[in-house]
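In this document, chain identifiers A, B, C and D correspond to the written order of the chains, with residue numbering beginning at 1 in each.
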Amino acid sequence: MAAVLDRKTHYLGGPFEKDNPTLSSTLPPTNQSNLGIAIIGLGGAVGTTAAAGIELIRRGLQPTTGLPLAEFADLDLVPYTNLKIHGWDLFDHDLLTAARVHRVLDREELDVLANDLSGRRPWTAVSNRNYCRGVVGDQDSTGTHRELISGIQQQLDAFATDIDGRVVVINLASTEHAIEVADEIYQRTEAFERALDENHTGISPAMLYAYACITHGVPYGNFTPSRAAEIPALRSLAARRGVPVAGKDGKTGQTFLKTVIAPALRARALHVDGWFSTNILGNRDGEALRHPESLQNKLGTKGDVLTNCLGYPVEDHLVKINYYRPRGDDKEAWDNIDVSGFLGHRMQIKIDFLCKDSILAAPLAIEIARCLDLAARRGQGGVLESLGVFFKAPMTTDGREPIHSFGEQQTELLRWLRESSEMPTAVAGKFIPRPD
Amino acid sequence: MAAVLDRKTHYLGGPFEKDNPTLSSTLPPTNQSNLGIAIIGLGGAVGTTAAAGIELIRRGLQPTTGLPLAEFADLDLVPYTNLKIHGWDLFDHDLLTAARVHRVLDREELDVLANDLSGRRPWTAVSNRNYCRGVVGDQDSTGTHRELISGIQQQLDAFATDIDGRVVVINLASTEHAIEVADEIYQRTEAFERALDENHTGISPAMLYAYACITHGVPYGNFTPSRAAEIPALRSLAARRGVPVAGKDGKTGQTFLKTVIAPALRARALHVDGWFSTNILGNRDGEALRHPESLQNKLGTKGDVLTNCLGYPVEDHLVKINYYRPRGDDKEAWDNIDVSGFLGHRMQIKIDFLCKDSILAAPLAIEIARCLDLAARRGQGGVLESLGVFFKAPMTTDGREPIHSFGEQQTELLRWLRESSEMPTAVAGKFIPRPD
Amino acid sequence: MAAVLDRKTHYLGGPFEKDNPTLSSTLPPTNQSNLGIAIIGLGGAVGTTAAAGIELIRRGLQPTTGLPLAEFADLDLVPYTNLKIHGWDLFDHDLLTAARVHRVLDREELDVLANDLSGRRPWTAVSNRNYCRGVVGDQDSTGTHRELISGIQQQLDAFATDIDGRVVVINLASTEHAIEVADEIYQRTEAFERALDENHTGISPAMLYAYACITHGVPYGNFTPSRAAEIPALRSLAARRGVPVAGKDGKTGQTFLKTVIAPALRARALHVDGWFSTNILGNRDGEALRHPESLQNKLGTKGDVLTNCLGYPVEDHLVKINYYRPRGDDKEAWDNIDVSGFLGHRMQIKIDFLCKDSILAAPLAIEIARCLDLAARRGQGGVLESLGVFFKAPMTTDGREPIHSFGEQQTELLRWLRESSEMPTAVAGKFIPRPD
Amino acid sequence: MAAVLDRKTHYLGGPFEKDNPTLSSTLPPTNQSNLGIAIIGLGGAVGTTAAAGIELIRRGLQPTTGLPLAEFADLDLVPYTNLKIHGWDLFDHDLLTAARVHRVLDREELDVLANDLSGRRPWTAVSNRNYCRGVVGDQDSTGTHRELISGIQQQLDAFATDIDGRVVVINLASTEHAIEVADEIYQRTEAFERALDENHTGISPAMLYAYACITHGVPYGNFTPSRAAEIPALRSLAARRGVPVAGKDGKTGQTFLKTVIAPALRARALHVDGWFSTNILGNRDGEALRHPESLQNKLGTKGDVLTNCLGYPVEDHLVKINYYRPRGDDKEAWDNIDVSGFLGHRMQIKIDFLCKDSILAAPLAIEIARCLDLAARRGQGGVLESLGVFFKAPMTTDGREPIHSFGEQQTELLRWLRESSEMPTAVAGKFIPRPD
């Protein structure tokens, strides 16, 4: 029984494989089995939208609009209809109640799913008020770091058994506030693990989840600005264990358009003199961002994108985020770009994006999960740079600066997807896990 | 003397080469000699901006901002300081007077160039009121088609002699009105030439210029929506004669951004339900567009761009152009894009581009000229598809639909530029002119 | 029975009074009886919104947001809960079916009213395809002009009986195309009536409705750009008969803001160099406006507003209306205003109004009806200039130019409302009907 | 000579009158003598624009566009050609140098005035780094409060002599940071004067100027958000001395439009759910506002405007000001207004005002000066409420809440202007100064 369970939770290249080498080779994973997406922050606007959306698509009530990889049916990705969504939340509401609060989906959409959603309640998430003020309940989790990790892993195993499939984890929780990454415990795996043993206060909930995943052979995607899997200690652990990780901070609205337009301005040699970006949004995310520490983390991931796309720094690049309740989950991103053209003449481009945060984010989270699973089945571990197009601050294997240009990222994603599907063996061979 | 002159006017692959094969091989053209840009519509806003701009850059009074290829100093393109600008216009004003009327450049810029510009007067352009109402003088050119062509060629020869260099022609004249391309005389070179002999009224001034260039070995770039060099009769003639041609309709403001953003929406599977584009502009171009026939030509080049970038037709794609005098050459392009995302939820993107038509257009015209010259020196003739990024309606060698996605076009341009500079011989070999 | 009926249909000052002078004096009308609003175009987006809205307010399911006079509870206007809505339409759909087509109200709003709306079917409207192409059914009304008028009057009488109250008529039908107002039949009542007798083709359906109302003592409000009650023949008839009429063309979105902002620019001596207004809308109205004749009528009512507010003409005042389906009833009005300030320096104001046509129009139509009723009870007849704030092209008693400044109009409305409520007798005295 | 001088500096109702009663009655002031405007912050963008603008108008090189009262030539206001501008600044630059730094006026405008402006240097302003960080020089003024006041008065006298006319003072200096108005020294004149005697640190430079003016019979207008003349101690002093004062914070761009639009939304019963205002500007003002204390003062004057215009509070009213250098003096104010209409349906209005701060401000400062002078000649003293239309936070005589609606303010201004011109004696009679 344990063997069966483990096979479904873990992947080739995960730690399990080393202990049960014969199992994986006799039963290679395929895209036809179920894939469970365990979401941290399931009851949030993005999580409930993803859960409800997958259900609507499964029932044939909605097409796959907005899912970037829907048109690539020939690739080895798990079909949307095989996805199963579950996860953790700080709040105990069932998914129907939670979705109604967020007001992303309309009454009609929720009514049809009422039976399905009302019966689904998230697991209790790991909570630590030091890392996320504003939206958190009034109780921190009890138990040692090691106990919490073990609990997460048991939940993942149970989920895998339940769906008779594999599992990936996607972090959609509210932004944790900034940490001092240079700190020793974040730099090396050994120091990090000692800090775990000592219940060090520098270890955030997101890090506990990431560690639980990596050491359990479960791919981990970080859709939030939190630094968890990005710290060198976990990045190198993921590479050694051969577990794919990806992050961070989903590239949805304003930064998406910024990384589309800036490279084009560069191609036309239109010099960006200043770029003013302001956002108004009224969902739980916006509320969390009222706390300066969380905002700092968020702005950090937006900062150097422009320099990267343009090839020079823009001193007057301002990014503002405003909590503005009338919009709810509907977000408005207004940009003004001052450019100089031929002979120094000045022009302006203004962009107003009336978007829906969760409607943009949910399908990206789903695609990241599908890609992580593909990588795992291919035996690709460590930071998956090819998924950069999905993130505001793409992680790199060695911490060097990533590419931010949307066009280049998209080209790389398509290259990677096709490479994987065409030559699985060779690719898998590149990622043979080194001894830990 | 004639040989020297011809060498400078014409290129490898041009008709001259066939008559003097040894000359070109003993004296290969380099990017260090002068390049004359003969502009049809020199006195217009774009023409005077290009002429003044090149002069300001030559004098070190302005940097090369806005010139897309300025950063590729390692390529084989003619330096900006070696460019010489002259051309034709329907109006007889000197360039200083003309530039002051357009109000693109400010007093300070023009004052410093007053001596230079006030002494430069365009040649008299070929005029035919049947093809361009609204901005044209009150007299049509006299003379047969063949006489007019011969006159153009003599002017080009004299220009080449004068600057001691090579020459390319760029069409910046006002939009000619639409023609019925299916007509026999536009389909085959022989029929076209017979029509020339008979002074057929179906032949527009732009066609006379294009024919004069192609048969004289002078590269021809069409920055306007006029169909001239695009008709099959001239396209195949250019290929046979090995003369590079490119067009049509410079991609400056709204269409530039459209072809940047639409492919990104596709990459994110955001479905475009409608795209409303409106423009307000008050320059001579705008005035010409008040005439329905010219507008039709203009809108024609904007039409199918979106379908091409998205992969599906957008029935509610509206493009409006409004003549609105308060703006003068300052143009405003306002776009509203209605998109559907995940689960069919609707979002809107609005873009307001406060641009300056001539400031965007002039550097593109200059780069097209430099690229055409490079192609000619490489021996590449016929339609230069690799220059598609500069045009709203890129010509293709065989009339098939071009690529419109800005990112893909830019990648192709860079590939072509590097290919040329790295392997000139091989490339040149591909374009050996076939007997006419 | 007939007397009772008539008393409710007609008002003091109407023709009925002259025949039954004692009745009206013994039973003065109050704001506590029911008021029926008979809408021409009931099944349209505005009509169904008004009908459903009044029902939602009556049931206490919606507050009176958006109803401009809701806060003046002390005035003598009929309470919203006493309003009864019925009317005519070219289409035979019940109101639930019609409302669902327009998609102005959402499913939730319509579900709660389903029983009420599904049982209500409009009377068949007078149809004449010569006056309204595009949205009209395929059959013109049969019968002579006089027969059609008589039919309308019978319907009004039956409505009054049915609700046991008074009736006003509001025209919400699609725009009729322009007529040649100078024509003799529109100038004098006698000529108009002769034309009626002769079934003259120059008489549009809206004129038949207006004539039926005026001669039957029923107030008539024209919310459309159609000229009906504005023609001198009917204007003077209404004055002579002492029947209040008001119009024309409800001032909802773009013109509302224009008449708010333009007077403020004048107060600051900011000179308007140009004003560019464009609209995108996708409802039945927008479709009708695709027909040049109807559009001409519509643009005509938008034209001189700006000159009136500023005190000088703006040559570059452009107003564009675009039929753009993705929006449905949601309209977007985008304005760009070019202004010159101190020392001639140029500035720009851009306004983007994401509005809902019917949501703005329906409450104005309701308030116009309440005011017309108030005027009728006060004995005020003829063109009601004090209602100018509700209209794009306010009618005046003598055809002179109206005031367009929103602030001045609003001040006048409030003055009139308070005047009426404070001194009813005196006011009524001013409007003693002259012999016809 | 002294008498002549004093007559010109001071007004009827000022302290001088009491000492020389016969003088003022025998020589009543008229609008035909010169009026000096002494500007605090003369070298700033607004001050130099006002100075240069008046000079351009005097020379007939510019019309009076942008001057709100230019069209009321029949009133008793001093003609623009009789205005003389001088003042104080923290920086010693001559006006030509200063104007070139601000880049409000273009080279052409400044060239023509070069001789005039280059010879004009401001008096040294009173400086106190405790009240205005960021833009201030590195030295505070020396001398006691009383010495500084006396120095200001001597400068005013000399100015009056020089121009042979009267003088008013307009404060255009950078925003001083917020004070605790409840403090005793600001509440009563006696306490304030004792604080002066003791060189209390709670007294800011602006208060010294205001006190110097009021006790010297010179009208004082406060165009900045600084609280100076608004404190009860000075407000009552001005009333007692019969010296007109007005303020505060010129209503130029965003707040101007806000107070135009909000009352119209109220008139239409469109409920404002939220109003988000953001500004980007890059001039000295913007830089000063980077300091939180100054920003607080600025935002304070923008805060309750909306509540006042709408009649209810808008909890989600956000006002953001961003220092963004690429714009220089060109400011951009972007507003988003969320409104609910009929049946609670949501709409949005977005306004983008591309304005020029100093171009909007300078003419208002000039008109305030002319109105203050008119009031003084009429004998009106104390807070001039009728000038409310010029200010973001209009002062009231007794500190009660002012009217903010632009339309109502404009009506009041016009009423006051006409009242003054028609019945000067009666009005003057109302303001007989009481013994101090």
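To be clear about the criterion, a residue touches a chain if its C-beta (ideal position, glycine included) is under 8 Å from a C-beta of that chain, and two chains touch if they have at least 3 such contacts.
To keep track of the chains, here are their UniProt names: A, B, C, D = Inositol-3-phosphate synthase.
This structure is a prediction, so every number in the text was calculated from the model and none was measured.
Chemist: If you walk touching chains, what's the least steps from chain A (Inositol-3-phosphate synthase) to chain C (Inositol-3-phosphate synthase)?
Modeler: The fewest steps needed to get from chain A (Inositol-3-phosphate synthase) to chain C (Inositol-3-phosphate synthase) is 1.
Chemist: Tally the contacting C-beta pairs at the B-C interface and at the C-D interface, and name the larger one.
Modeler: Comparing B-C with C-D, the pair joined by more C-beta contacts is C-D.
Chemist: Need the CA-centroid distance for the pair chain B (Inositol-3-phosphate synthase) / chain D (Inositol-3-phosphate synthase), whole Å please.
Modeler: For chain B (Inositol-3-phosphate synthase) versus chain D (Inositol-3-phosphate synthase), the centre distance works out to 54 Å.
Chemist: So how far apart, in whole Å, are chain B (Inositol-3-phosphate synthase) and chain C (Inositol-3-phosphate synthase) when each is placed at the average of its C-alpha atoms?
Modeler: Using C-alpha averages as centres, the distance is 54 Å.
Chemist: Calculate how many whole Å lie between the centre of chain C (Inositol-3-phosphate synthase) and the centre of chain D (Inositol-3-phosphate synthase), each centre taken as the average of the chain's C-alpha atoms.
Modeler: That pair's centroid distance is 46 Å.
Chemist: Show the residues in chain D (Inositol-3-phosphate synthase) shared as contacts by 2 or more other chains, in ascending order.
Modeler: Within chain D (Inositol-3-phosphate synthase), residues 350, 352 contact more than one other chain.
Chemist: Quick check: in the complex, which residue numbers of chain A (Inositol-3-phosphate synthase) touch chain B (Inositol-3-phosphate synthase)?
Modeler: Residues in contact with chain B (Inositol-3-phosphate synthase): 49, 52-53, 56, 62-71, 104-105, 109, 256-257, 260-261, 263-264, 267-271, 340-345, 347-356, 359-360, 362-363, 389, 406-407, 410.
Chemist: Tell me, which parts of chain A (Inositol-3-phosphate synthase) touch chain C (Inositol-3-phosphate synthase) in their complex?
Modeler: 106-108, 352
Chemist: For chain A (Inositol-3-phosphate synthase), which residues are in contact with chain D (Inositol-3-phosphate synthase) within the complex?
Modeler: Chain A (Inositol-3-phosphate synthase) reaches chain D (Inositol-3-phosphate synthase) through residues 273-274, 276, 278, 280, 315-316, 318, 320, 322, 324-327, 332, 334, 336, 338, 350, 352.
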